[in-house]
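You will see subunit A twice below: alongside subunit B first, and alongside subunit C after that.
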Partner chain A sequence: MDTLGLLNYAIFMGVLIGIYALLSLGLNVQWGYAGLFNAGVAGFFAVGAYLSALFTAPPVPDRIMGWELPTGVGWFAAMAAAALIAWPIGKVTLRFRSDYLAIATIGVAEIIRLVLRTEDLLSGGVRGITGIPRPFGDLPYEWSQLAYLGLTWGMVVVIYWALERQLAAPWGRMMRAIRENELAAAAMGKNVEARRLEAFILGAAIMGLAGAVYVHFMRAITPEAIDPMMVTFLVWIMLILGGSGNNRGAILGAVIIWVIWSSSELLTDRLPAEIATQAKYIRVFVIGLMLQLVLRWRPEGLLPEGTHVRRSS
Partner chain B sequence: MSGKPHSHRCCARDNIAPVVAKRERTMALLELENLVMAFGGFRAVDGVSLKVEPGTITGLIGPNGAGKTTLFNVIAGAYQPTAGRIRFDGEEITRLRTDERFHRGLVRTFQIPHEFPRLTVLENLMVVPPKQPGEQLWANWFTPGEVARTEAEVRQKAIDVLAFLELTHVMNERAGNLSGGQKKLLELGRTMMTNAKLVLLDEPAAGVNRTLLRKLEEKIQILNREWNYTFILIEHDMEMIEKLCDPVICMAEGKVLIEGDFATVRNDPRVLEAYLGETVHPEVEAAIAEIEELEIEEGNA
Partner chain C sequence: MSGLELINFYVIPGLISGSIYALGAIGITLIFGILRYAHFAHGDMATLGAYVALGLVGSLALSPWVALPIAMAITALVAVVLDRVFYRHLETRPKILTVMASLGVALMLRSVVQVVWGVDPQVYSTGIVRAESYGGLMLRSRELITFATATGLVLFLMAFLRYTRWGKAMRAMSDNPELARLCGVNNEAVTRLTWVIAGALAAAAGFFLGINTELNTMMGWSALLAMFAAAILGGVGRVEGAVVGGLVIGLVEELSVLVLPSQYKMATAFVILILILLVRPQGIFKGKVL
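== the complex of A and B ==
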């Protein structure tokens, strides 16, 4: 690869890392703050991606939607749709033990994936949706990529800042208290169920946004893109490794894991074909091993939660 | 139960020590009607009916496993009772959630400390006060001034409570790192962060050192007399029960054995029998020894 190619590759990676950082931040709201085990990250990502695509892509004969609305509207719709899906799931499962949420979210994510694959009227089945507009898409290729990198990380910074503010507020303290000891939090007057639902919906909306950012970058989407392995599994590893409960940790985890994941792809692609297929599993193995090591030596992740002591003003 | 409805003044109590004619006949603050809490076939609470008058410190004693803590759990809403009704402050609360009961002025502590381990000691207290505006998701964006003002007040209150409990030096430690006794103090501290009407204290003295214990007793009396807190106090320390509590209720095997003043309860043969029924536990034996000691003291006087 020449220098320009390498640079392009780096920008491409940068955008994907930004998208993963958003997912990881969203999961941090749910797991890190509120202790909610969402095993269906891919589902909320998919809902956001498809919704934004349907709002902004040109119409296709024999299909509904395709409204060619501005991208901003699509992103907003993506967040709203992910939140709307999260609401009933949370409402039904959050009053039970935490494993119910895990099972329900896996189930719903799988249902969403299957619906998207088989359904033709809206999502275009396996063919997916194409022709999705991209902000700054009219610029020359390199500039367009660079501008989108800026936009993605702009979103990361805005979400990071907003979440940090929320976490430092009494809201964050209350959420962490609920996570730490549900019984005591209820005895101290916190409405555990309603507050968990709040965190669950907020996290889901951020995951939906990540889906939207992704879909306008790729300009096309097929059900292949929402592989639970690539989305749910990796995002969990990012958060645990980076340090759950810490927003900076969530972002750091996204950077580290994605760099390892994609650079190992570069390596395995050079292997002979018969080994290359097996090398895929080695990548998963390496990531798993890393997680084991981090959990052994730094159980709270690379950047632990810390104590949010604010200086008295 | 006749008489005037109990009037409560939630807002004034921060500023002035209310002088209330406590002894006038009022409606019971807490009323349990035939409460049953069964775990499978086992009835940990077996048909308890009792009344707690406002302004009292009611002692709740009984051997280990008598069902005292379970009764607290039912009153506070951690368990739904199998049968029976709970009235609090003139309102039926049997079906309310724990947090709804808290907001009506019913606050409890835990026998086994339930701190928030990864929050600091200060945060553990700051999280308690009800209706903090900053707990609303959007308040931090739309009314940051109000949030900051309340936050400063809450912080100051927490700092004062920590000073009283002599926990100032561990203020910024994670609560999970505290010693057992310190955690018990923190439990008590939480109740001081509220405007409670009724406080359920589950063995506040266990594991707390002697000097602080005397201060604790004092503080409970101050809260009771000047702030008009009503208490139910579970304790195995009979000295504390004698000093603070009137009436005293003795439970055994899920039932109320007897209710009366300390002397009456202590001298009741059924109480001794209940304690002697299971001498295996050292805590029970200690309690009996204490009762006997007190009896001897009284005999000498």
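== the complex of A and C ==
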């Protein structure tokens, strides 16, 4: 690969890392702040991706919407849709222990996948949705990529900043109090269920935004583009390794895991065809094992929550 | 459509998949009730059991029915080892961390199956088995055996829980682990026993899923939601609840095809799960609500 190709590849990776950083930040609101187990990250991601695509892509016969609205409207709609799906699920399951939420989110992700596979009216069938506009898409290829990299990381910074503010505010302290001792927080008059629901919805909205950022980068999407288990699981290991409860940890985890994940893909692609497919599954195994190791030996992650809390409060 | 057609095309398949869900749901409900966490690797444990049986059929040329008990024993052993290696050390930490670890284990089990056996769908034996008529009821011999074996396993387990020392210890730990320990129940041994039962039944569920349709590496994961819905519908911790829940979910899934596009069969389990959490979270048989 020549220098320019390498640089293009780095930019491409950079955008994807930014998208995963957004997902990881969204999950941190749910898991890190509120202790909620969302096993359907990919579902909210897909909803965001599809909704923003449908709002902004050109109309096509045999498919609904295609309103060619500005990208910003699409992104906003993506967040709103993900939040709207999170709301009833949280409402029903958050009265119980987090296990129930986890089971329900697996179901949500499965159903979203089923709907996208089945309803051609929505997903454009096998052709998928194409012609999705990209901000700065009219620039020459390299500049367009670079501009999108800036935009993606701009979003990461904005979300990071907003979450940090939220965490330092009374709301953040209340969330931590509820997570650490639910009974005590409830006894202090805090509405535990409502706060949890807020955290779940907020996190889901950020995941929807990540989906929208992804789809405008790729400019096209098919139901097969998102492997639900892989997306969900990668985001989890990112957050756990980086340090749940710490937003900088969430971003750091996204960088580390994505670099390991995609460089191991480069490696396995060079293997002879007969073992290449098996190597693909061994990669998955290693990611699963990595989670076990982190849980066992460094459950607080690389950037533990504590250091950060002391500084901000 | 005549009543007989309804039974042959919807009720019988519903009862078959219902018994399979029941076998999986029993393990889930025991783990949820006794160890107190949702075990997300249960579906993939079923997949593993099914493929272990396939390996025995392929390598030793065993009949699938001989391979089944061996596969159950092997999967039970795997379950005990998984608990020791991946779950045990999280015992004192919040339970939700074990749930997360089990999600990782699910992924690991599946990738092991994919590496060893590949991702193409497989079958235990080729050839078409024609259904025989029993006074209008169309049944295949494998369906009869599935139903009979599942019933036998459930009755055996229920008698075990009710009348034996170890069964009583398991129920005691499910009711109150602290009190059980004070009364001399060996928590560690009960945990191990729970995994033996859950692993063996999961393998049976996977095997029957495979022999009634085909084996693929996602089969267990796809059944996981239905198994959880069955366990919660019946009441967490209740074996008889898991059985009834499994049968209800299996039947409703098959019958839903009458009113919904068949692609949405899987969604019915989710709808039932949400409904039961809304109206009666303790389930039909008044299980635990965690």
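Following the convention adopted for this analysis, the second predicted complex is superposed on the first by the 299 of 313 C-alpha atoms of A that agree within 3 Å, B and C clash if a C-alpha of one lies under 4 Å from a C-alpha of the other, contacts with A are read in each partner's own complex, and residues count from 1 in each chain.
Please note the rule applied: a contact is a pair of C-beta atoms (placed from the backbone, for glycine too) under 8 Å apart; a residue touches a chain by one contact, two chains touch by 3 or more.
No experiment lies behind these values; they were computed from the predicted model shown.
S.K.: After the subunit A overlay, clash or fit between subunit B and subunit C?
M.R.: Once both complexes are aligned on subunit A, subunit B and subunit C fit side by side.
S.K.: Would you check which partner chain A:150 touches, where first means subunit B only, second means subunit C only, and both and neither mean what they say?
M.R.: Neither partner.
S.K.: Does the superposition put A:131 against subunit B (first), subunit C (second), both, or neither?
M.R.: In the superposition, A:131 touches no partner, neither subunit B nor subunit C.
S.K.: Going by the contact rule set out at the top, does A:192 touch subunit B (first), subunit C (second), both, or neither?
M.R.: After superposition on chain A, A:192 lies in contact with subunit B alone.
S.K.: Tell me which touches more residues of subunit A here: subunit C or subunit B.
M.R.: Looking at subunit A, the partner in contact with more of its residues is C.
S.K.: A:278 in the overlay: touching subunit B, subunit C, both, or neither? Say first, second, both or neither.
M.R.: A:278: touches subunit C, not subunit B.
S.K.: What is the contact status of A:202 with respect to subunit B (first) and subunit C (second): first, second, both, or neither?
M.R.: first
S.K.: Name the contact category of A:169: first (subunit B only), second (subunit C only), both, or neither.
M.R.: A:169 contacts subunit B only, not subunit C.
S.K.: How far apart, in whole Å, are the nearest Cα atoms of subunit B and subunit C in the superposition?
M.R.: 11
S.K.: Check subunit A for residues that touch subunit B in one structure and subunit C in the other, and list them.
M.R.: none
S.K.: Taking the touch rule as given, give the residues of subunit A at its contact with subunit C in the complex, in rising order.
M.R.: Going through subunit A, the ones touching subunit C are 35, 37, 39, 92-93, 95-100, 102-104, 106-108, 110-111, 114, 117-118, 229, 233, 236-237, 240, 277-278, 281-282, 284-285, 287-289, 291-292, 295-296, 299.
S.K.: Going by the contact rule set out above, which residues of subunit A touch subunit B in the complex?
M.R.: 165-166, 169-171, 173-174, 176-177, 180-181, 183-192, 198, 202, 245, 305, 307-309, 312-313
S.K.: Any idea which subunit C residues touch subunit A in the complex?
M.R.: 32, 37-38, 40, 86, 89-90, 93-97, 99-101, 103-108, 110-112, 114-115, 118-119, 221, 224-225, 228, 232, 261, 263-264, 266-267, 269-270, 273-274, 277-278, 281, 289-290
S.K.: Name, in rising order, each residue of subunit B that touches subunit A in their complex.
M.R.: 76-78, 97-99, 102-103, 107-108, 110, 114-120, 122-124, 126-128, 130, 132-137, 140, 147-148, 151-152, 154-155, 172, 174, 190, 194
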